[in-house]
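Chain naming follows the written order as A, B, C, D and E, and within any one chain the residues start at number 1.
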Amino acid sequence: MSITKTSETIGLSPGEIVYLGDNRAEPVKISVVQYSPDMFEETEVSDVAACVPFKETDVISWINISGVHNVGLIKDLGEHFKLHPLILEDIVNTEQRPKMDDFEDYVFLVMKMVYPDMETHTIEYEQISFIIGARYVICLQEVAKDIFDPVRERIKKDKGRIRNSGSDYLAYALIDMVVDHYFRVLEAIGEEIEVIQNDVLEKPEPHFLKIIHSLKKEILFLRKSIWPMREIINTLIRGESSLIKEETVIFLRDVYDHTIQVIDTIETYRDILSGTLDIYLSNVSNKMNEVMKVLTIIATIFIPMTFITGIYGMNFKYMPELSWRGSYPLLWLVLVALSVVMLIWFKRKKWL
Amino acid sequence: MSITKTSETIGLSPGEIVYLGDNRAEPVKISVVQYSPDMFEETEVSDVAACVPFKETDVISWINISGVHNVGLIKDLGEHFKLHPLILEDIVNTEQRPKMDDFEDYVFLVMKMVYPDMETHTIEYEQISFIIGARYVICLQEVAKDIFDPVRERIKKDKGRIRNSGSDYLAYALIDMVVDHYFRVLEAIGEEIEVIQNDVLEKPEPHFLKIIHSLKKEILFLRKSIWPMREIINTLIRGESSLIKEETVIFLRDVYDHTIQVIDTIETYRDILSGTLDIYLSNVSNKMNEVMKVLTIIATIFIPMTFITGIYGMNFKYMPELSWRGSYPLLWLVLVALSVVMLIWFKRKKWL
Amino acid sequence: MSITKTSETIGLSPGEIVYLGDNRAEPVKISVVQYSPDMFEETEVSDVAACVPFKETDVISWINISGVHNVGLIKDLGEHFKLHPLILEDIVNTEQRPKMDDFEDYVFLVMKMVYPDMETHTIEYEQISFIIGARYVICLQEVAKDIFDPVRERIKKDKGRIRNSGSDYLAYALIDMVVDHYFRVLEAIGEEIEVIQNDVLEKPEPHFLKIIHSLKKEILFLRKSIWPMREIINTLIRGESSLIKEETVIFLRDVYDHTIQVIDTIETYRDILSGTLDIYLSNVSNKMNEVMKVLTIIATIFIPMTFITGIYGMNFKYMPELSWRGSYPLLWLVLVALSVVMLIWFKRKKWL
Amino acid sequence: MSITKTSETIGLSPGEIVYLGDNRAEPVKISVVQYSPDMFEETEVSDVAACVPFKETDVISWINISGVHNVGLIKDLGEHFKLHPLILEDIVNTEQRPKMDDFEDYVFLVMKMVYPDMETHTIEYEQISFIIGARYVICLQEVAKDIFDPVRERIKKDKGRIRNSGSDYLAYALIDMVVDHYFRVLEAIGEEIEVIQNDVLEKPEPHFLKIIHSLKKEILFLRKSIWPMREIINTLIRGESSLIKEETVIFLRDVYDHTIQVIDTIETYRDILSGTLDIYLSNVSNKMNEVMKVLTIIATIFIPMTFITGIYGMNFKYMPELSWRGSYPLLWLVLVALSVVMLIWFKRKKWL
Amino acid sequence: MSITKTSETIGLSPGEIVYLGDNRAEPVKISVVQYSPDMFEETEVSDVAACVPFKETDVISWINISGVHNVGLIKDLGEHFKLHPLILEDIVNTEQRPKMDDFEDYVFLVMKMVYPDMETHTIEYEQISFIIGARYVICLQEVAKDIFDPVRERIKKDKGRIRNSGSDYLAYALIDMVVDHYFRVLEAIGEEIEVIQNDVLEKPEPHFLKIIHSLKKEILFLRKSIWPMREIINTLIRGESSLIKEETVIFLRDVYDHTIQVIDTIETYRDILSGTLDIYLSNVSNKMNEVMKVLTIIATIFIPMTFITGIYGMNFKYMPELSWRGSYPLLWLVLVALSVVMLIWFKRKKWL
């Protein structure tokens, strides 16, 4: 997730909307799922205007729009569904912080969907906005991905209570899906942390530093995107909106608990990563210590001995020892004794 | 405690339950203790259906189910006791964060039981769920362990007020048991910290790093599992549930105090461990300093002296000193004087 | 932003105002924009007295005063608009912390405008004060800058709802402008952080330390100036002032969200910078390790070999080896073998 | 203060009490002070039963019991004064966290008394429990110490308002005493910190590390024992108990302020100790730097010079310089010049 | 500010007051300023009794007492003005934490006045107590200093609204004065920080450590003395005391904002100092790195070359090279080539 870029929008009036994400050429796709306890229908429509009839029907309509880069489409949506201009701005501003706004007729939610990118070992973020009305849920994505397929399946196969519940339960199911994906990302990160942790304890290599740093940054961004969700879901639970029915609250409370668990795990990972960095640094320091010891042992043994050989390498005319018979063997004796004493001393100092 | 793994459950509807713990082959065991001021009876039943009659009797029933890996059993339980589907999900999801849910007829609690594993020096976690009804307490464990035997004994021998109190007092006794086990684990950790602390002050060895790191991680997980308990018990105390009677609240307040004490101790241990790591690192640094001093002293004394011997080892034809009679003894004098001066200088600098 | 200097004002009574910013010779400039749904008029007036008629008119008046260093002007303003003496003090005290005061007839706001100074890589701060009345907004700047031109354009071209809204919406538009500028500064900082981060991972150079330190300080000051804004805008939203109409609150909530986002990003930058410093320090430490290894390898190989040559450089009369024929080739063999053994040992220790 | 050991009590019912402190052979001592505005009487009684009459008299009774290791005594107390079983447990559990429980007829308090142990430089903790009734205060200590003698004196000599006030004022006087002792301990610690701080700035010695670490730990435990007191006294102030009269509240507020001051001072000491550790570590690092500089200077000057002497120590037959007359003096010139150049270079680099 | 010393007061009853500051021989001085919109009178009185008539007059009386070491005086004050004994204790206890107590007839405030001591580069603290009655303000200082002269001038010269306001406005003016002095101290500290910061970036010298440490400590104490002021002034603002009139509250709010600004600046300084320490440590580490590099370069070039000279310094009879004609020039060639290769290698590694 790159850092927010919004300087281009400075000075625009709230009604003017500018798409901030990467340029995309993909076509816009609008799919509609309609269901009631007795029926299920899936259609694709070509433009937003075709969605207006779904706004107030007896059945529940789930309108899935992918391609928020199409500013015209979003404007149309705003007009047909009578949305507040600030909402339209938030939908296309893909750097929006997760937030919730409760208008009387509908609730507006912005969330961050996360996927682990297995190849580059990074996390991908996609902004997802929900507009929850009494009889419909509009879900807006950047690109068409199949992330909500399990929910579609559940509706189709009439599993659980989803067909018998209202739009608020559908919204719950979708939000639950988003939060569940955080667990998937945490799993991937957790495995990487596990690996790096063991490696660091074995042998400290400089590139670990880079990995720890990038993991830390990813956790930072993850935290930034999940933290506001806690508050959002809590607001939904407090039941200030008449759109959220009593029996759905307990399900939202469950999602809330999951959000807390995600946050908890993120904090734990942070602490573990800090610990891992500490270990890495200590290991580097230990290695250095070991290197220094080797140097010191070698130097401390051989420098004095070399000095002694230097003495008898001098060319003074009058050096009585030079002509003594036993000098040379005696000297060897002295050198060996000296090094033995040194080694014992090192042993005592636990350097060996 | 490994890190939560729930990606397999993404997209399931709340009613669908999937066991997430390790695979277990152990049989399910259901034991029922029934008591009133005048009677005590202990039976084993084969399936959940047999427990239904205990739901509303004059006596208090304590139903102990071990083996939550049996998903069929949990489904039966849900049906017979009319439990909310989310509860069933939480029971089998052994990575669940401790939580409490208050349904009108019953209170649902998830907690983490901890044991110190003496051999591997790690902490074992087991998830324990309680369903507290007006006349019964259902207690669900992963494996059959005797952890609640002292409570069973107290009921059997009619010690204290337990026989004369309701299901809420029984629940208190069981929760108290869970919290008490945290003290046992803290004791074990406390002893390990005491040992490592003294060792680190004596001599810093690289493997201490590993031990400190793993202790830190254990404390991290312990904290993660006790922290939510505080809130849970506090919610029970605030007496929002009609199932918790006034006279039990004071006992719960006592458990609450214990929870705070556990959290306090964990925080203290964290601080002490951080301090221990600091000491370890400082000691490593001190050791290095000492090594460097030895090297520097040896090198500083002998390198100049070796240089002098080098001078008189040269083969120049015209070196007057070489043929002087007193050169050699004089040279020794100079060398000794030089090293004495050096040693005094080192003494001054407090390097010796 | 230098640190607050207010010792000169100690002991003054609240009415006495002293300008604290840099000395400026620029002339004071007062421009007035008047508008209603049907009209737009832009005039320049020479003194504050000329502004008084705008105080209560049917149209909305936006009075832009640049040059708060002119104490006489501010005093006039205070008299003509019946402002509280403390407000006048706050306007000229350019080291004022962002704050809000709600008098019944008008709301007083102090904010910090920020610009990135591209050349010196620093952030410039300018204090902006707003006095929001029922039919007018007075905006006071240190110097005349075109920062509010986009708003003026929007009014002129009748874009969005601004012409049809009251003075509170105008105030919103101006505040929004101020907050938007923080994003511009954050962008600039974000880019610098991105660059330094990559550089630090590549090669640690001492001057990075200076850059990281100055970035940290800039973030510190930025944080200090945006943090109180959060509270200010929140107070406006809570709607305690009758001057802020219901329909403007949702727009203010949007500004509030932006403020939170700015704070979030600042916190993230702080964490990333701390991480960058850690990496820098670790890299320095790694470099040192590498240097030490080279020294140790060279010394450990050559010092013992030099000792051996020292032995046979001695001038003892009776050294049998000296006269052996094969001594010299044998010695070379020994030396080569010794260094090979050493190199293998270093290889084993992963020093090579 | 060792770390809490309560595993022995796991599974006991609340009524069963087990003494957890060190084994003591000292006899139990019960002394009673009775006073009213007009009288003062001090007696010693042999058992708890003898105290019952003091429970409801016109005069105020202060019952001082030392020796909570006598479990029988505590049980008697519980029976005669109709105390809640949990209280009895708390009294004998000398590892209890400071707490307060408000029963209607009496208030129960647990606090930690601290003394500096001048000889071992450690802090001693003693648990003190108070039971405050309408006409009596029971004070329970581990051992008989004279800590409350000043209060006894004040009552005896009728100083201040104590004789004219109720049991709540007596309780205040005793609690005030306990809090005052924290200042004494802080004084002792403050002096030690002052000493270590100066020493560390002068010369860093490894044993300072040990001292800093143990001071840190002591502050940690001190903090753990005073922190809950804040809340306890605050609860008393909020006047929820009818036993605490209006005019005593202002005195309790004073104790509360003292508690805050103790906590403040503890936090300050923590910060100072952290700073001291930083200085110690920096000094170690500076020392190392100095050592390295000496080594480098010596080695950098002499190694090249030794190389030169090595050159002319070679035994090549054809080395023209060897037979030149001025070679030797010239060489000395070169060596001296070389070392002078080196020294200047070091001077430039500020290594000398 | 030394650390609190109150062990001498342990066990005293609240009425007994003991002066805790340094011994002073200065005489007590009591000066009284009386004013109303129409008059101003300044007198000096010899004892407290003479002040009693000022307690309830039509004019406002400002009684300035310096010399709280005179315990008799304070006792007299207590008697004549009917003050609570705890207040008297707080006045003479010059280590008192800033606090506020609201008695019905008067408000009692304790604050810390700070001055920068320019010569010793330390901060001096003086305790100032205020007793604010309906028609009078008593101000108690340790020594007679002219700190409130500007206020006296304002009253004398009838500047601003002070003559037309009550005792609460006078109290505001005095408190404002106290808070303003914090800015003066912060300025002095800010300048010192600015200097040390630049110096540390230039060259790290050990004595900086000492300066940074003492600045940190001063900031710690400053923070400890300003932090409670925030709460005190907030309590006054909340208007619980009937002595503080509505129109004074806005002025107190201004003082409150200043207090926040002081706290903000202190936090910023703390962060900057931490950053400065980091830079200092990194610079020390960089310096060490540089030293090591010089040593390694010198040693790595000369040690192998010295080894080679050692070879040809050996006295073996049969060394063919020794008698070759071109050996010596060839050897020089080898040595030069070797050192060139080394230097290129160092260049590559960016060590040069």
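Throughout what follows, a contact is a pair of C-beta atoms (placed from the backbone, for glycine too) under 8 Å apart; a residue touches a chain by one contact, two chains touch by 3 or more.
This is a predicted model, so every value here is computed, not measured.
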item	value
Subunit C and subunit A - chains in contact with each	none
Turning angle required so that subunit C lies on subunit D, C-alpha fit (0 to 180°, nearest 5)	145
Length of the line joining the C-alpha centres of subunit B and subunit C, rounded to whole Å	42
Whole-Å gap between the CA centroids of subunit C and subunit E	26
Residues of subunit D touching at least two other chains	285, 288, 292, 295, 299, 303, 306, 310, 313-315, 319
Ring topology as an ordered chain list, initiated at subunit D and continued via subunit E	D, E, C, A, B
Subunit C partner contacts - residues on subunit E that touch it in the complex	149-151, 153-154, 159-162, 173, 177, 180-181, 183-184, 186-187, 190, 201, 250-251, 253-254, 257, 260-261, 264-265, 268, 271-272, 275, 278-279, 282-283, 285-286, 288-289, 292-293, 295-296, 299-300, 303-304, 306-307, 310-311, 313-319, 350-351
Footprint of subunit E on subunit C - complex, ascending	3-7, 9-16, 84-86, 89, 97, 99, 101, 203, 206, 209-210, 213, 216-217, 220-221, 224, 277, 280-281, 284-285, 287-288, 291-292, 294-295, 298-299, 302-303, 305-306, 309-310, 312-315, 319, 321-325, 327-328, 331
